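Encoded as structure tokens, here's the structure I'll be asking about.
Labels run A, B and C following the written order; every chain starts at residue 1.
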Amino acid sequence: MKKQNAEKKYLPEMPQKEIDELNNSIRVSSEKIMADNIARMKKTDAKRPAAMQYFDEIANFFGQREKEIQAEKAKGKKVIGYFCIFAPIELILAADAIPVRVNSGWYDSAKLGDRIVPVEVCPVIRSTIGAKMIGLSPYLELSDAVISTLTCDGMTKLSEILSDAKPVWTMTPPRVKDSAQSLQLWKEEIKAIKTQIEKLTGNKITAKKLKAAIESMQKASKAFRRLQDLRKGNPVIMGRDAMLANQVAMYDNIERWTQKIEALCDELEKRRDQKAWACSPDTPRVVVTGTPMFWPDNWKLPTLVEEATPQGLLVGDELCSSDRILYDPVGIDEWTMDDMINGIAERYLMASTCPCFTSKDGNEDRVNWLITKVKETKASGVIYYVIRGCMLYAMEYARVKRALDKLNIPVYYLDTDYTREDVGQMKTRIEAFLEMLAARVDF
Amino acid sequence: MYEALFGTILAWTTAVGLALAGILVILIWKKDRTRKVSYLRLFIQTVSLVGIFYSFTIALWLSVFLIVILVATMFTGRFFCGWICPFGFYMDLIALLRKALRVRYWTLPESVNDALQKLRYVIAAVILVSPLFLGALAISDVSGTQALYLRGPYKSLNIMLSPLEPLIVPWAGSVATLSFIDWSFSYPYARDIMFYINIPFVTSVIVYVFIGLSLAGTFMYRRFWCRFCPTGISIAAVNKFKTFKWMPLLHINKTEEKCTKCGICKRVCPVQVVDVYEQKGGDIATSVCLNCMRCVEMCPYEGCLKMKLAGKTIFQSRNWLQPSEM
Amino acid sequence: MGIQTVKIVILKDGAVAARAKEFSGFEPTKAAEQAFAEALKTAQISKQEVSQVLATGSGMDMAPYSNGTVSMMGADAKAGVFLFPSARTIVDVGAEEAIAVKCDERGIMLDFVVNERCAAGAGTFIEAMARALEVKLEDMGPLSLKAERASPINASCVIFGESDVVSLIHRQESKPEIARAVFDSMADRVSSMIHRLGINPDIALVGGVAKDVGFIESLKRKLGITILVPEYPEYSGALGAALTAASRAKGGQK
């Protein structure tokens, strides 16, 4: 790997004063937004589960978790950031490093990213660039290396741009999932990343450690699925709360997170037995699918859905920032090193529903997963959410719509950006959609 | 004296094996201890091994087994191969040994695996035809019905029964003799090789090479022999013709929408059947599947893979998410 | 509670008893109160006799006296089917937004599309171009009907439309042809919006812009099928809200 050049390719030299000012102002407003979001979530569900308290605290980017990671780093642990959920978390855990997802959910930093790349670029990318420019994201700043999976054009160039400031390890997923060469390529990528991780951390990933990491993630998957299963019946938890609990998994200590989720599920089961519903069981049930939504700013859509008149309930989603994160476990047959690497490679590639893939046999993975989700959660409608600039999700809409039309499930295409300006417009549309769903339920 | 002891051991093995198997069946159905199917299978295989050992002395049972292998297989799929066949049992035991030694298994490239499956037909054809040219086997201390299987035109049927050959047989003329109890070591297909290649010294070499290779192959490749065993072809024939589609009453069924293509089923299959993975949904038509149910056991998506007997689901994949013990 | 104007409709015994309209201006609530008072006078009923008031439109949260709200799409669907029982697609072209709603015979919404972010498919476009042509707004329609063909205009944006007109006049394009081009490009946008929904006859056209004969002609040409236009198209939103209020009052729904 070439040594990092002192001269930057993309990132500008900004005067420290400007950086500090922007960092401060965005940080302050972000803390307000996070507090505001949580307050609103509490308001929507008067009996919000007490177990959510933990997740609210960890969700604060500038709070407890940042300090914890700093303390771990001081002890010598490494932090490895990642963008897409293709990064093999099990390998990172087995090397005793801390995995954190570093996609940016701040609206204001997207404007900073506009200085480097055009506005048509995916706003998540722009926001991440902006966050790097002013050192806004604590997890990105704390990362010793970042794993960037080159799933789309934006990610490909983002890894180049970020390499100005951080060591970026790229992983190339094949675009065709199911040919023999694809799996071969991906396995080699996994092996290469394993070597990188071992080199950075100085820890060898032994079969024993890897087994422990995989088992820990399997337990997390189990707890995760338990939470999503509880959302399938009458509403015991509002969608936003579940989404927050899901998101926190991306940067929290996974074992502690698992325990807290189990505690949350216990509480939710009690609510279910007491029939203490979070909102009326007649509330139109909505599934969201599309581009990922990152806390804190990009909570726009779920907030609008659950605070609209008539109110909607998010019962599930097909988002790589929420219900997709820990859904698939790594299945191991014989716990030899080779089997585990195979298992990890196959799970991260084959089970993915990202539209960045196509496949020889029709590429229905995403559609199938969505249909199963819609049926299991008894959703009355689907919101197809696309961030402007994402060709992959936008182009798959026609296919998803056709599949859902066959099931007589209404789909609404909603595209938006990292901006607060279109909240009014979105509100009108979401409310009309929810009205439509409510009317169908009535009749 | 040793015979009596041996007999007692066998009897107890049968009784205990059946009892444990019964308990496991109840546990699986009532408490959904899905993972235990692999254990259940081992117990049933143990019981069947004992049963077959006894029945080798009674020729009538040989006929029953033949019918089971050739005819019932068309209806039950290769259930015989996965659950009853002693040769399969030996291979599973070797696999357990390999796991204990923490040696990883090898996989054949798919094309080679497919070629081996076609090899079955060749082998079966040779078996069925060769006795017509090669005449009878002279074994002095068998008579009556048993002789039917061991000589003349019915010899080919005997080779179909070869996988049932117990490793210790009460008659001489097998691979090696254990002097202190007057019995002999045998090995499936060994006697047939000795019969057909009746040249001194060459025979022994070939037999030992065959045994060595098949053991080595099984050690590295998981159920190596089953991929080209001629005994299991009846189900293959059935799969080829659409009119017989209803025949396999015991088969795997897949719900297309729930499959996430994670590939676990393909990886854990001991005979590397890819049809479970490749076929999108519905009844999986495959002629090598041993119905060992390992894929159903390991599929982590609830209700995705089901084992169906005459349309009724007897066993389905569940959301396990805890490490497997086998 | 529209962006430009506030419209009131009072229903009595299932029929329209009164209509009133006021410019929203900076104080839409006050304008609504005024229009409401006017409508009451026309209908000769007192405020107490009104059992349910529902508001719709972009300013619906600022409506006075309202018992609740309903979305524009839902209101339009109800109004469309009330006015034309055979209508299954309702197209509402207002001052700054255009929407298309698919509905069933009961006026229940099945699907809807909204004109995204761009006012070049709505009434403001006509206003801007009328200003540029120095023609009165209400004359644009009849003017365009005189043209045999449409001038080629680069109607990608209202802002640039005005400077476009200047260059067209220089090239000796006649005003009727330019006017027709304006309506054609609007009809283009609206028809592609309807296509996204799927053409489901019959199509009813409502909203302020539906008063303009020029637009109706262009849209008819573009879609190639007849379009049903009611007598007071700009009141469709208010009418739909009133119909919804009536059914809610009857059904005792929220």
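One rule holds in what follows: a residue touches a chain if its C-beta (ideal position, glycine included) is under 8 Å from a C-beta of that chain, and two chains touch if they have at least 3 such contacts.
Treat the numbers as computed from the prediction; the structure is a model and nothing was measured.
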### Task
Work out, leaving chain C out and holding the others fixed, how the remaining chains group together by touching.
one piece
### Chain closest to the middle [Cα centroid of all protein chains]
A
### Query
Count the touching C-beta pairs: is A-C or A-B ahead?
A-B
### Query
Between chain B and chain C, what's the gap in Å when you average each chain's C-alpha atoms?
76
### Summary
Separation of the C-alpha centres, chain A versus chain C, in whole Å, is 41
### Summary
In whole angstrom, the CA-centroid distance of chain A from chain B equals 47
#### Entry: Where chain B touches two or more other chains at once, by residue number
none
### Task
Please name which positions on chain A make contact with chain C in the complex.
309, 410, 415, 422, 424-425, 428-429, 431-433, 435-436, 439-440, 442-443
## Note on the structure
The chain C residues in contact with chain A across the complex are 58, 68-74, 106, 108-112, 114, 116-117, 253
### Message
Going by the contact rule set out above, which residues of chain A touch chain B in the complex?
### Response
177-178, 180, 211, 214-215, 218-219, 221-222, 225, 328-329, 331-339, 342-343, 346-347, 350-351, 353, 361, 364-365, 368-369, 371-372, 375
### Summary
Listed in rising order, the residues of chain B that touch chain A in the complex are 99, 102-105, 110, 256-264, 267-268, 278, 280, 298-300, 319, 321-324
